[in-house]
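You will see chain A twice below: alongside chain B first, and alongside chain C after that.
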Partner chain A sequence: MTLKTLLNNILFTEIAQGLKLTLKHMFKKKITVQYPHEKLTLADGYRGFIVHRRYENEQERCVGCDLCEAICPAKAIRVVGDIHPEFPERRYAKEYTLDFTRCIFCGFCIVACPVNALAMTKEFAHSSFTREGLIYSKDQLLALGDKCESESIAYLKVRNMWGAEDSGKEEGRYHFPPIPTINAGG
Partner chain B sequence: MAKVTINGIEVEVDSSMTVLKAAEKLGIVIPTFCYHPRMDPAGSCRICAVELEDSKRVVMSCVTPVADGMRVLTESPKIHDARKTNLELLLLHHPLDCPVCDCGGECPLQNMSFAYGATETRFESHRNDEPEDIKSDVLVFNANRCILCGKCVRICDEIQDVHAIGFINRGFDTIIGPPLGKKLDCEFCGDCYEVCPTGAITDQFTRYKYRPWQLEKQQTTCAYCASGCQIFVETENEAIVRVTSREGVGPNEGSICAVGRFGFNHVQIPERFDTPYMRSLHRLVPATWEDVLPEITARLDLIRKKGTDRVAGLISTRVPMEDAYVFQSFFRKVLRSNMIDSGARFGFMNAALPLVSATGTLRPLVDHEDILKAKVILVIGTDPVAESNISGLFLKRAARKERAKLYVVDSEAITLSTRAKDHIRLLPGGEKLFVSVLNEEIARNGALSPDWTARKEELFKNWNVDPGAYQRLVNDLTSTETGIIVTGRKAYRNENGSSIMNSIVRLIGSLGWAGKVGSGLFLLPENANDLGVLMMGGTHEWLPGLINATDPSSKSRWESAWGRRLSYGNGGSLGDILKGIEAGQINALISLGENPLSHFPSGSKVRETLAKLDLLVVLDLFQNELSDMAHFVLPVSSSFERGGHFVSAEGFVQPIKATMAHWGESLPDWEILSKIAHGMGESLGFESLESITAEILRFLPDLVPSSRNGAHYQGPTGEITVPVMSKTPPHKADRESVSVKYAQWQSGTVSANGEVHPILGEGDFILALTKSLFHSGKMTLMDPNLMEIQSEGKIRINRQVARKRKIKKGERVTVRSSFGSCSMIAEPSSSVAEFEVLFPSHFANEVVLGLFPPDLAFDRETGVPVQHRVRVFLETQNPA
Partner chain C sequence: MLNDLIGVLIVIAGLLFVVLTTVAYLTYLERKVLGFMQDRLGPMEVGPWGLLQPLADGIKLISKEDIIPSEANKAIFRIAPVISLVPALISFAVIPFGKNSFHFMGITTHPYITDINIGILYVLALSSVGAYGILLGGWASNSKYSLLGALRSAAQVISYELNAGMAIIGVLLLAGSLSLVKIEAAQSGGFWHWYIFPQIVAFVLYLISGIAETNRTPFDLPEAESELVAGFFTEYSGMRFSLYYLAEYMNMIIVSSIATILFLGGWNPPLPSLGFVPPFIWFMLKVYFFLFFFFWIRATLPRLRYDQLMKFGWKVMLPLSFANVIVTALVIYMVRR
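Up next, the complex of A and B:
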């Protein structure tokens, strides 16, 4: 044992060195977020909960095409298509369930969607006491979409999917028969 | 012959062949949209372009005949560009709504665009925004997606011969649809929707309900009529979504009728029995198999100990061969009863009995291929298009494409009569006279006895038979190389059905067709497995293999095969069963899907008779009059849920497959009967369906499964392999042994003054119950899809008569016979004869049956109930 190590041992230099960093931070700005009371600003394009979107006339966008179900790697989506009860020439999703216990938030479904009916939001903390509580129906997804409309639009814009479909231009990715205008809430 | 080189491979082909077919022979695939193997080429889609190496020209392979020394390239940069440009042009107006299009995922246009990378267009155009034509309840026409290949129009014209749709407008505005923008009114076979290479034609029943990649496809045999069509049942999560066909597969070659294509939904509706029911305090209450089976077993055990023939059995002819085999084994071995009868007794037995005594077999002498080759075809006592649609298609094709001389003898103008050389429109009631005179004329070579001459005169005078047409028919029948007589339901359901069929069978012998290859009788059974159930001994006359059940020497053959003594009684048919129940000699009845109550008017007291039973067990899918009376109702599997084999009209023994999940607690018939037998301490020795099939084949090896155009598809999912032409083992009757038997049978003479059952009652019209094209028996009345196509029975009446009587379409008329009256909706039709009114038998409920004579009358020879027609008056209901 040399003199130097002996001194170090007696004077607790190592502890002082460690405490130096701690002391330094006592005078810096705090970075801890008090989560439930404080929230971080998430970036646009954050892959949070998936929602259903509507057109400006309140009509749901989803056409029940099953493409999201087909591409979903976690098999979290189930779509049952049928003839729209009001417009017999339209297809719609009679049942749409998204199982968030299975969802891996990859965002493939949003890419696959031909009508931009799906988008991701900055919602991430939906919890439930049961597994069933995390299986969302179309109505729940639409309600969530209404709540987070600006976030979903921001997601699509950032992910480069805010395309012709939404800008109202003629050359969309797909072309569907024109949707009859109906009153809001119809 | 011509020698052509395709992609460097030399091949020698017939010089009438097209380049496309020559390439097909080499196994080279050329993409097509408008080409269809069964139809004439159109050359309208321009996608099958190939390059001729010498002239550097691009030609359409489907319309270009081969020439000697031709050198063809099916793939080259030039061809690739040509096809790609073509696709770009096809996609110009195409809406690209693939995500919501039912065809998306199985669309040839989609696949081709993907393969050729036609993702961008260099042309300026607009997308079409025509609204869809959803007027029809069955098919939807979307003009935007149409690429005008014309396949649908051509299949409707050339194959179906219905001409229901066509091209409307010219140029860019051309669309496909029914003429004059009307609602589609056709046979609803759905072949147009099947062949459409895009989603331009879709159907209302499955519209938007599936995506092709989710469906699991299984090949099975259609369980409605006896055409033996091979259908593909597509399921999602073991529930049936749609039924399709595949080009070239099966005896139907890819066409199926409305009933086969759309009639799949009745097996998955909540009305179906899903659990056993048991009578308790005059009510049927749901029970479990564990409750029900010991109870039935105990009660049956008591009854069978009373003696032989104490339990009667009825079996529907829609069950597979295997179930019929177990049914008769159960009755003959366990219950020691021969009081069994099948649904064939309501008509088909009239045909089966003379046929079996004449030929020794129920297998036909001719099949659909012979129909196409025949020079003369006589259609008598049947409407093949309605009764056995696919046989009807072959007859249409024979008359139209193969130029066969087609004669139709019928009071009604059936679909085939417009294609016929002569339509002999005799008056209803003269059928028996017609065939017996025709047979005598041909048998005696025209030298008729005075008695018969008088009868022939009567035919011309009283029954409206045109002498010229009659003579032409006789001349053609006697002089032809190959001829076929087609007969069916109207003949054997006639009040003189037994003697009509006897005369027709005799006629085949008189013409010498028994020994003539390609000639003979083509009999159209009513249900999918009439032949199979009878071959399996489903009636008291026969043991399996059509062996006489009461003759001790033939009985001993089965006794030694089964290794046990058969000590059943003499047995009897439906009439004897009813008499036996009335007399208290029969105490129990087990019905496998057959409902005798629906065939007899309430005045005939069948209900009262059946009420005397100590035990009535009904195995059925749906609630009906009989199940309401039953002590036990047991749910059975439908033909979509079980395996087995059906024997088609052509004699093919074709398998059916379990394609959907078992409905509730339902079980196949054979399993239920085996369980009951087991409970009685007797084993039938069947563990599985395969063991039954194996036993049948061990004793009756000629029932080895056979089919035309395609080995049966095996496996749960995926693609079906290219059909293999397999025809072994033979499905037709052995001509040599048949002609020998025929010669022995043809000995007796027929008296000119034989007994005739008259049409009873009085009135201006003769009411006949016919088969509708859109229904099959009463089961299809439960089908939501088919009920959408035809939801109610309308009485069809001659248009001129209706006009004279001021009866308008859709108006209610009172139909009154000597026995009852009822109200029906009138439908004037140009095809019905002046003195006849027709009503679809499927809708003949208690009220309609009340028009018929109430006394139970059975044919003396065949035991078939005789009332099938009655004279009625028509009265308009509105006095104004």
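Up next, the complex of A and C:
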């Protein structure tokens, strides 16, 4: 032990340095976000709750094609597709449930959907006292989608899935099959 | 006679109130200080700036279920937290927190509950009794973690109490008394009379031993949460758990008070011209400085390893404190002759 280390040991130099550092941090600006009172702005590509979307004429987009169910790595989606009872040329999802207790928010289902019926939003604070409360039916997803229309469009734009929507084409990936121009549900 | 009794009862009630509120708000203060030192805000939700947090915590702890492990030794398990708390509480009896006695309608209240001539010895003895609470609680829980925590605590308290006692002897030699009131009075008249200057080694030794005795970081091995879950009170819950907690914080206040009285002149103002500030305020200021120092150390230092702790206690602290006593005694003998 040299004289210097001995002196350092006697005078607690290292501890004093540590104390100085902690004291300095005591007067620094705090980085805590007081969550329910102040919120961070989320990015447009934020992977929040998934919603179902509608066309401009209020008709729901989902055609019950099962692609989202097929790609979902967490098996969170269940689709029962069927012929639409009123419009025999059109298919729809007779039952659609999304289990948010299983969903890992990977966003694959949105990429898989051929008609942009799905999108993610900035909603995340949906807790429930029961597990069933987090298994969303199609109606719930549609309601949430109506609430977060602009967020879902922003998500699709940021994720490069909006291009063909603006192209005005009535066929192809984003309009399948051509929709009857009525206002009633789908 | 009756008047004396009433005076003492008033002081006891006042002291109890002050100590218990201080303990409650120490938990708040600790969380705030720790939070601020880690760039966080600490409790903010209950009341403005979280000021009602201790109240909410108290309600929570009281309303929690009281679980006693089925394999535990029930009687000892129940009594152990009390054994830990009561000595801490009655140690306050000899702490002189002010200078003046008040006379009011024939009732005299002193700034202490009692001034016994072995004051400091009384405090040391009681802190040893408090260690029994920890030991018995750990043993009676019948759990590995509790037992290990209790064993560590016993070893630690024994080694560091020795150092604390030896460190104090230097001050006692200077003051020539064991009474805390007399020790305080002997340091009056400016900060250059405080015993921190002739006894700086003893001061550092006492502070380190004090932290170790109250089981605070970096000496919190008995409750090392990363190895022993919660150490000796792993199995405790609800009110009994909070009794241990209260005892720990009360011990912190006692160690701070003793350090204030022995080394920083107690209620004496640092300069005689600052005498217009009530002595009680000076006392509180110094005690709170030490309490803040406890938190500060906790925010800064990691926990020691067990063998380091023992080595440091027996091979460094003990020889130093012996040397301090011998040197102090020699110097005093030379000067006084």
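Rule of thumb we're sticking to: the second predicted complex is superposed on the first by the 143 of 186 C-alpha atoms of A that agree within 3 Å, B and C clash if a C-alpha of one lies under 4 Å from a C-alpha of the other, contacts with A are read in each partner's own complex, and residues count from 1 in each chain.
Assume contacts are C-beta pairs under 8 Å (C-beta built on N, C-alpha and C of every residue); 3 or more make two chains touch, one makes a residue touch a chain.
Everything numeric here is computed off the predicted structure, so don't read it as measured data.
Trainee: First (chain B), second (chain C), both or neither: which does A:88 touch?
Mentor: A:88: touches chain B, not chain C.
Trainee: In the superposed arrangement, does A:28 touch chain B (first), chain C (second), both or neither?
Mentor: second
Trainee: Return first, second, both or neither, reflecting whether A:15 touches chain B, chain C, both chains, or no partner chain.
Mentor: second
Trainee: Based on the superposed arrangement, let me know which partner A:114 touches: chain B (first), chain C (second), both, or neither?
Mentor: first
Trainee: Comparing chain B against chain C, which has contacts with more of the residues in chain A?
Mentor: With both complexes superposed on chain A, more residues of chain A are touched by B.
Trainee: Once the structures are superposed on A, label A:160 by its partner contacts, choosing first (chain B), second (chain C), both or neither.
Mentor: In the superposition, A:160 contacts neither chain B nor chain C.
Trainee: Looking at the overlay, what does A:70 touch: chain B (first), chain C (second), both, or neither?
Mentor: First partner only.
Trainee: Quick check on my understanding: which residues of chain A belong to both its chain B contact set and its chain C contact set?
Mentor: Overlap of chain B and chain C footprints on chain A: empty.
Trainee: In their shared complex, at which residues does chain C touch chain A?
Mentor: 33, 36-41, 44, 296-297, 299-301
Trainee: Can you list the chain A residues touching chain C in their complex?
Mentor: My answer: residues 15, 18-19, 21-23, 25-32, 34.
Trainee: Mind pulling up the chain A residues that touch chain B in the complex?
Mentor: Touch list, chain A to chain B: 63-67, 70, 80-83, 88-92, 114-115, 174-178.
Trainee: Taking the touch rule as given, give the residues of chain B at its contact with chain A in the complex, in rising order.
Mentor: 95-100, 104, 127, 129, 131-132, 134, 144, 207-211, 213-214
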